[in-house]
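Pasting the structures in now, so scroll down.
The two complexes that follow have chain A in common; it is paired with chain B in the first and with chain C in the second.
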Partner chain A sequence: MRRFWKLLRRDRLATTGMVIIVVLAVVTLWPAAWLPANPTRANPALRLKPPVFAGGTWENALGTDNLGRDLLSRTVAGTRVSVVIALVAVLISATLGIGLGVAAGYFGGAVDSLIMRLVDIQLAFPLLLLIIAVIAVVGSSLPILILLLGISGWAQFARLVRAETLRVRTLEFVEASRALGTSSLRLVVKHVLPNISTTIIVVGTFEIARVFLLESAVSFLGLGVQPPTPSWGTMIADGRNYVYEGWWIATVPGVAIVLSVLAFNFLGDGLRDVLDPTSR
Partner chain B sequence: MIFVVRRLGELVLVLVSISLVSFAVLHLTGDPAIAILGPDATDEALAQVRAELGLDRPVIVQYLDFLSKAVTGDFGNSTRFRQPVFELFMERLPATLELTFAALAVSVLVGGTVGVLAAVFRNSSLDTLVRAATLFGQAVPSFFLGIVAIIVFAAQLRWLPAGGRGTLLHLLMPALALGTYYAAITARFVRGAMLDVLNADYVRTARAKGVTERRVVIRHAFRNALIGVVTLIGLQIGNLLSGAVVIETVFSWPGIGRMAVQAIYTRDFPLVQVTIILSATIFVVINLLTDLLYRVIDPRIRVST
Partner chain C sequence: MNARKILLALASVLLASTFALAQPRDQSFIVAQAADTRGLSPLSSTNQQEKNISNQVVERLVQWTPDGTGFVPVLAETWSQTADDTLQVNLRQGVSFTNGEPFNAEAAKYSLEQMMVATPYASFVSILSHVDVVDDHTINVVAKGPASQGLMLNALAMGSFQYPPVYTQEVGLLEGFATNPIGTGPFSFVEWVKDDHITLQANPDYWGGKPSVEYLIFRPISESAARVAALEAGDVDFIIDVPLDSFGRLNANPNVVAIASPGGRAYNLTITTLDPNSPLANVEVRRALQYAVDPDSIIEFILQGHGSRLTQVVAPTTFGFNPDIPQLSYDPERARQMLADAGYPDGITINFDYAISGYPLGKEISEYIASQLEEAGVTVNQNVLEYGEYLNRLVTLRLVDLFYGGSLTPPDAQFAYPAYQCGFRYSYYCNPEYDAIFASAPLLVDDTERAAAYHQLAQIIFDQAVVIPLYTMDDFWAHRSDLEGWVPMRDQFLDFTKISLR
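So, the complex of A and B:
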């Protein structure tokens, strides 16, 4: 474990990623009462104030939007929304994917073929279009959005977890344990899952970055997170109409997305290098 | 051969699920009869419209009827434009294809060139720059890149039009915004594939024979690296097509994506339905063709399955 940290810390990009993720965590847990302003309260007197580095004031450090709402407060509130959505969605896809992946790899045969066909079908689906179609039917709400984003990622987990399970199943100590009469479920929980946990962590890290991008795109189209709740995607959509008089409205949340996605991709790359000796 | 049959079977399954989802779009969104006549209509009038539209039949029969009409290109009329939705889709499709292929060109030309150069000059400052750029390219959402481009090149510098379709200048920003993410993936992939082949035994043999480095890179390495790239490009066409939905909205590009999003806002469900069914069909057919092409190009894979 100590060796693991040492290796990971030596990777400069991974370290950068971890620092950004810590900042994201703090921002996500930041109490709403400590924000400089109410993220949803409009104030016409403060319309279109530039950020402090572009001639604005510290009162609205990152400027204000077309309704005079404080962009720093909105970005912080939006971070919480996007992070919570991404974490829950990835948790859903991980649960589905691990369950099905282990089942496919461990039981093999018909179970395996069925699950792998499902994986192929899922991967052949145009995701964004599917999400748009379902939201067009049932309307957008937070649970629906999270569920759709969650379902969108299970196949990635299932494929890798299956491959790992196949590998672990043939390890000597697992075979020995099975020969001693250990039940299937117990074998999976005691031996298979701990041995594939590193794969799961790496996939999960990349998946969080992917869900950030997908959710922001859906919200940008007005089909994801609904106003007045701020999210990165909807904030960029607001800014789209003010490219002339308020370039910062779209830029501020956009930079937040880029940094967050970079952070998880950096960490994912770093983790993969450290945990998988063959890629080093 | 078994492989082809299996893939065709999957294609049918995917298409059936797509048609089910899109059927649901039209039929689970409240009563179309009320949508047509308004909430004050009498029960008799509603019943008559339902009978005319065939809505009084079992759902299964309605679905099969929908499928048999869909196969002939009859997807019904748009509730907003009062025109067959299939015609509307076909009118808008060329704009989306234009954008998709322009973005694909960005991905292949920019990503490919940069990837080859990074591999040939491995560990140079150029290589480092390319790797940093690919990391960024994969982290920036296309729609945000598009808006930043509008802010810089349309709003501030006034060099390029902020939206709409027409000249090549109109195409430049949307194609770059959509293509950048995929160019980054292509560059990363091509770099990796080139490094693999540049270290392969037959390339070492070629060098040992005294073949010039230029010829080694072009004739021996690049051609073999291309095999994987073909698959990558095929998969990108489908994704670019569905990514166009977002970019069309950013640049007011008159394609099927923007049409579909507007149709959702105006609750024009037949139009939403046709867009989803047909673009999803294009997506899965392109993926299937790519998969088959890959097997034709690389005999090693053909033999092993």
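So, the complex of A and C:
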């Protein structure tokens, strides 16, 4: 474990990623009462104030939007929304993907064929279209959005988990354990899952980054998080009509998206390098 | 020719076909609006942006003066009231439709009969009964009972579009005509490429003189920022619904001019009252909501002064305006107290529906209103709807609790008040007493009596707190600075017959 941290720390990009993720975690857990302003309270008397580094004041350190809402508070509140959505969605896709991936890899045969065809179908389906279609029919709400984003990622997990399971299943100690009469469930839980956990962690990290982007895109289109709840995607959508008069409205949440997506990608790269001895 | 040259040639052909319109740019005047039209038949919709296109081709008998208070003849020349229920209209002579059919009394009778059965126009023409042909260039427009001249002229200015009868009957007014309109107007229809452009060409035989621009092209550009950018880049010549925040930048640019003109569209929040189980069935709760919204700060900060506060659903310039309706002052504490007194000490939770586009700054304003309501202890579930879906729900009575909207009606209260009758297609209120007064009003020939009836209606709407009146908003336009001869109209109609480019 110590060796692992040492190696990871040597990777500058991964370290940067981790620092940003720690900041994200702090921001996510930041109590709403400690925000400089109420993120949903409009005060048009203060509209379109620039951030402090562009001539604004510390009152609104990152400026205000087209309704005079404090952008710092909104970005922080939006972080909570985006992070919670991303984590829960990836949890859903990981659960689905791992379950189906292990089943396919472990049992093989018809089960494998069926699950892999489902994966092919899911991967071939234009994701955004699926989300738009479902939301158009049932309407947008946070649970539905999370569920859709969760379903969107299971195929990635399933594919990699299946490949890893195939590899682990043929290892000698697994064979031995099976010969001793261990049940399938126990085999999977005791031997297969621990041996593929590194893959899951790496895929999970990349998936979080992907869901961040996807949620922002869906919210930008007005199909995701609904006002007044701030989300990075809706904030950019609000700001797009003010790119000349208030460039910071879209820029601030845009930078937040870029940083957090980069952070998870950096961390994912770093983890893969450290956990996979062949790429070292 | 080597492969690279072929590729280049191909690419340029592709590019040209994508971006260039068939007409030379220097002979074209390009107008960008927020949305493409659904049809080119004027009677299929009362939406002004849609009518702005068809009305270049198809003309009315009369239209309003730019300030909306009087009438100017178009295909009518003169008119007079010859009996209590009869308006005699003399038609312009020597005019033909661009397909050669003559414009005469028979054509006018046919066209007005189309107007009287068009659903979107029902509330505007409900007072009219039938049309009689007097001679080849004179018709009598007959009302169902005694009716004032102003009411009848407003109905004609609203919907008296003139169609060539033979062609229209052949193709169908709402079918073939909607994709290939023919009229007497300054422009004739050339082509419509859905969601891309509609091209019109100057009518060389126009009775008012051939317009100076050869091609008039309408392009839909849905994002307001993109419309502004297109105007600045010279891709288009005229844009509507200009975002207020870009006025400063546009007017600093010597090539373009941005204009705000007094608008007639009356904006309000409608409180839906039809559900007896909703807290909003209680008039005290509705009154509390009125105190919880602050139109003045919307006008000051979001409209930047380009709006006038309303006390009722019609503006002070409208016939039938009731000067005795008080203006409520913003008082969220009082609203909270009223909610508590009405049995909701913890406030109420309501839906709030609004369209993401369709009304200038509509989304910003609605979000601000929601924020104000929250201050008064009202929990607001905001439903942001696409404009088409919003209109669809509006007319099927599926908007719930509270919704934001604006309506642009002729400057006579008769046309604003149908919206509160029981069973009207987008009425969220029902009161038989109101209906009885509304039904009697148009039959009052004496204008003082008729105005008094509208005053009563305004009083009922106020007493029952069925709307939160907000403001009329200026109209925002921008065009290239060398445009001359264009005048903004209160009804938002775009008249390009007299324009020239220096």
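Operating definition for what follows: the second predicted complex is superposed on the first by the 280 of 280 C-alpha atoms of A that agree within 3 Å, B and C clash if a C-alpha of one lies under 4 Å from a C-alpha of the other, contacts with A are read in each partner's own complex, and residues count from 1 in each chain.
In this section, a residue touches a chain if its C-beta (ideal position, glycine included) is under 8 Å from a C-beta of that chain, and two chains touch if they have at least 3 such contacts.
Computed from a predicted structure; not experimentally measured.
When the two structures are aligned on the shared chain, A:Val134 is found in touch with chain B, with no touch to chain C.
Using the contact criterion defined above for the overlaid structures, shared-chain residue A:Trp34 touches neither chain B nor chain C, since it reaches no partner.
Contact with chain C, but none with chain B, is seen for A:Ala42 once the two complexes are overlaid on the shared chain. Look at A:Arg240: by the touch rule set out above, it reaches both chain B and chain C. In the superposition on chain A, A:Gly68 contacts chain C only, with no contact to chain B. Across the superposed pair, chain B and chain C both touch chain A at residues 222, 240, 243-244. Only residues 10-11, 13-14, 17-18, 21-22, 24-25, 28-29, 135-136, 138-144, 147-148, 150-151, 154-156, 162, 238-239, 241-243, 245-246, 249-250, 260-261, 264-265, 269, 272, 275-276, 279-280, 283-284, 287 of chain B touch chain A when the two sit together in their complex. Contact residues on chain A toward chain B in their complex (touch as defined above): 13, 117, 120-121, 124-130, 132-138, 209, 213, 216-217, 220-223, 236, 239-240, 243-244, 247, 250-251, 254, 257-258, 261-262, 265-266. Residues of chain C touching chain A in their complex: 223-225, 243, 245-246, 249, 297-298, 300-302, 356, 364, 367-368, 370-372, 374-375, 380, 382-384, 386. Chain A makes touch with chain C in their complex at residues 40-42, 44-45, 47-48, 66-68, 222, 226-228, 240-246.
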